[in-house]
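Naming follows writing order (A, B and C), and every chain is counted from residue 1.
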Amino acid sequence: MIGTLAKAAPYVGYVYPNETDIPWSVLIVIYPYITGLVAGAFIVSSLYHVFGMSQFKPVARFALLTAVSFMFFVPMPLLFHLGNPQRAFNAVLTPHWTSAMSAFSYVAGFYVCLLLLEIWFAFRADIVALAKTKAGLAGRIYRLLSLGSDDVSSRALAIDHRFATALAIIGIPSAGGLHGYVGFLFGSVKAREWWSSDLMPIIFLLSAIVSGIGLLVVLYVAYSKARKVPADESVLMGLAKTLWAFLLVVLLIEGLELLEMFYKRLEGIDAVQRLIEGPIRYGMLLQWGCSVGVLVLLSVLILAKVRGRLLVVGMTVAGIAMMIGVLAMRWNVVIGGQELSKTTKGLLTYYPEILGHEGLLAVAIIFLCPFVVLWLITRFLSPWEPEAGKEVSS
Amino acid sequence: MDHQDEEKKPKAENALRRNFLRAVGVGAACAGAWVSKTLPAKSLADETPIPDIPGYDWRKHKWAFGVDATRCIGCLRCVEACKAENGVARDAHHFRTWVERYVYLQGDDQAHVDSQSEPGNIAASGSEQAFRFDNRYQNAPVEKAFFVPKLCNHCTHPACVQVCPTGATYQTKDGVVLIDHSYCIGCQYCVQACPYGAREFNHAMGVTDKCTWCYHRITKGLQPACVEVCPVEARVFGDRNDPESPISRFIKNNRVSVLKPYTGNAPNVFYVGIDKEVS
Amino acid sequence: MPKHIVRLMLLVAVAAAAALGAKAYFTDKSYYRYGHYRGDSVAEIAGDTPRFRGNAYCKSCHQKQYAAWEGSPHNNPAAGKHVVCEVCHGPVGPHPSTVATPSFDERIALGSRAAVLTDKGAPSGQSSLPRDKTLCIQCHEAMPGRPSAQRQVALAAHSGTAECSTCHDPHEPKIYFSNLQAPPKGNVQAGKTLAAQCAACHGPAGHSVNPEWPNLAGQHAGYLLKSLQAFKAGTRANEMMSGMAAGLSDSDMENLAAYFSGESCKKSAGDPALAALGKARSNTCALCHGAAGVGGNPSWPNLAGQNASYLTASLKSFRSGSRSHPVMTSVAKTLSDDDIDRLAVFYASANCK
């Protein structure tokens, strides 16, 4: 039947009748998740490009490519979710600036451009070199990308470097803005008890960074395996320390938010408690279990100065657990917020579809795309220092 | 501001400016005369354009709605009328207006609340195509019970309009919050933002939908469909610019309240006879 | 500046200019006219066609029904009651136009704004509810939460499963007699002459010689006439009466009804204890037959003074289905054998005056 929901969300207590059609599906869980991975990866590259933390040099360019690969797919879940995706550009044509969401296209568009430029400057010397050596279609693309200039003089490269640094400096607040904006999108919804929080932007931003670092760890280890080179220990230890620091702050703020909520005991807190004990209890267990577990694991790795294979395994576990923990956190916020009725008298339970354009399969496909794109890009532009690879293999 | 500027300026410059302004004024008058010949006479009254709605000037109205919960009998004629008038999906999960039942049993502090999406009421209706309340409390020790019709509050500061990324939902000059269905992208952010659950999603069209106070009726001098069919005057509608309109008298003669005032949305649906738990 | 920087900046500038141009080109011309929205949409929304069209429209054709409704409790503006036509009948829509409105799919195909408004509404002039008691009880079923000023009935006690319209005209819902002829104006003298045929069983002056057969004296003329008509038409079956009624003309029946209704009735004796028990069970009956078995409605029989055996047999035949009546069939099903016996004694010994 047209216009009728295939399945209305079951509920207990009292919910407004329209609430049984849950507005934001699992697609909107994956959207801030992907955005967060971008922000995290970008921060790692900035640690080298802006803050000069040279232990991150081997992954700085890879982090940039990771960020852009995932950034390409940030709009995907949103477009899949829109009722009229063909009208998506209405938000660009006539952005209604009182809406946090109207900023999306501009913030995301700006950020994509920024990432592309940053990558271009970081890889320009490689592109020029490839443009000269490669023939055929690939060669033509490299020549197009070089904008017809083969100027790799030290003066030109110095200018490039200055531009790249400037872009990276702009990039940090942009990455922060991009993800803080997502947090604001939720935190500013006063109608939703579980979202409406001033801390939401900062929680989203920090958890984004930890998830992005987790992703980078996993990808770096995987690529090292594929390239048959050992993962750089100083990179891994550096990532471990960075992750540890950010994770500690995330846990503190998230903990403080819950503490404050339950200490104030404002109207509706009973419903929040039932939400945590009910529909999102496994999500909360996963989120907090992973976060605390990773913090303990990292503390051990750092304090015991673990090295070699054990460090690689430990960091891989930490990276995966971090990604799972943050994904659970996204679910708990996005879905949990909607499972708590605006009446504060009832709880809904969201069951995602499996197939269908808002289903788990669609989400899985969307989430796989950036990995494929990243693989293609790294084949096209290798982010690895060639001499480092040779040194190790020889 | 202009006055102060004028005083400070030398006379010659002032005269020059006045001449210029006069020229502009003459030009504008000429343009106006030309426009008045080419456009329908309607636009002459005021330079600010108004929407082309026959016989209706939105500057002259300020609509508001009243609900007297002490009169509502829970017959749900309003719900059915709204669905028929506005083509709302005929199921128990999409409503522009609905009715809630609050029942306090003896010794209970909290109300038992239900409405049309409640499985028991769907069963009582026979299908999701029709709507009625089942009689589950007929043999229960009921201490207090009443019905509360709900609809879009057409807030003065609508959170839904604030969050719309495209401007597909907006507030008209006469105080109605509308949705431009051909511009809505279907992101449902407004659905999230409404504290009253008044917005629903039209899956067939991929757009958000909600009560318009039957804008296509009130601009023709008719009552909203739900008000038209309410058999017991539980719903009141009218123009607050007219002190003798039903809504003006309703607000004047009753102690009215609004739902969730703390959200700052400043609703324009005024309630009489609701209870602490109604929100 | 190196060549590649200049070219890059040029590229960025061209892209930005193209974006700005596209934004200006694609933005709706009526946008921002009244605010941050498409100005034309206001008139589009206001331009929809109302489906509910009000009483005046209905009245223009259905004057008789309108007149009945106008003076009824369903139209009592002073008490805030406005059960207008479309409350029960649903939206008029384009009725009586026979031109079909386009279906939902057709309107989608047309792409008009009207497509937003699906035609899931009921067909014009018809409520989505069946036009039976479902509709009436939507407002009148006794239910906690309904204000006490609202007329409400406990369904089981009031009418059982019978349709409301058996007794109530929805346009004029007070108990109505319009499905009956006016009380017959028969000739009492002619009736008396004819009544000689009846006396063998129903006794002289309608006091039955056998308690199995009903007393006729003092019974409502309307009910007597209706019974005779039913026997003649065969809608009520009785070996004896069918034959008797077959020979009667319409005026004969009216005359007989007038005669018997004018005779005076008398009550019979009965066990007062049983009668008291019967009285306690008589609430439902009282709604139509009066508190003491003398009803104001001439279409339904008086019960006071009727023979107990006849009453018992009648109720049992309603209960078993061998005699049928929209209300009595369902009411009788709620009675046990004991109930029936007690009620019969109660009414038989009740004062029929």
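Operating definition for what follows: a residue touches a chain if its C-beta (ideal position, glycine included) is under 8 Å from a C-beta of that chain, and two chains touch if they have at least 3 such contacts.
Note that the structure is a prediction, hence the values are computed from the model and not measured.
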When B-C and A-C are ranked by contacting C-beta pairs, first place goes to B-C
Mean of the CA atoms for each chain, then the mean for all of them together: which chain is nearest?
B
Chain centres from averaged Cα atoms put chain A and chain B apart, in whole Å, by 40
Centre-of-Cα separation between chain C and chain B, whole angstrom:
36
As a quick test, compute the distance in whole Å between the mean CA positions of chain A and chain C.
64
What parts of chain A, by residue number, touch at least two of the other chains?
2-3, 93-94, 96
Give the residues of chain C touching no fewer than two other chains, as numbers and ranges.
28, 31, 36, 104, 118, 120
List, in ascending order, every residue of chain B touching at least 2 other chains.
89-90, 167-168, 183, 202, 204-205, 207
Please name which positions on chain B make contact with chain C in the complex.
49-53, 56, 58, 70-77, 80-81, 83-90, 101-103, 129-130, 132-133, 135, 137-138, 140, 142, 145-147, 167-173, 178, 180-183, 202, 204-205, 207, 209, 212, 214-217, 219-220, 222, 225, 228-233
Write out the stretch or stretches of chain C touching chain A in their complex.
1-5, 7-8, 11-12, 23, 26-28, 31-32, 36, 104, 118, 120
What does chain A use to touch chain C in their complex?
2-3, 89, 92-94, 96, 113, 117, 120, 124, 146-149, 151, 153, 155-156, 159, 163
Residues of chain B defined as touching chain A within the complex
89-95, 98, 100, 113-117, 128, 150, 159, 161-168, 183-189, 191-208, 263-264, 277, 279
Within the complex, which stretch of chain A touches chain B?
1-5, 8, 14-21, 23-24, 78, 81-85, 87-88, 90-91, 93-96, 98-102, 104, 185, 188-192, 338, 342-345
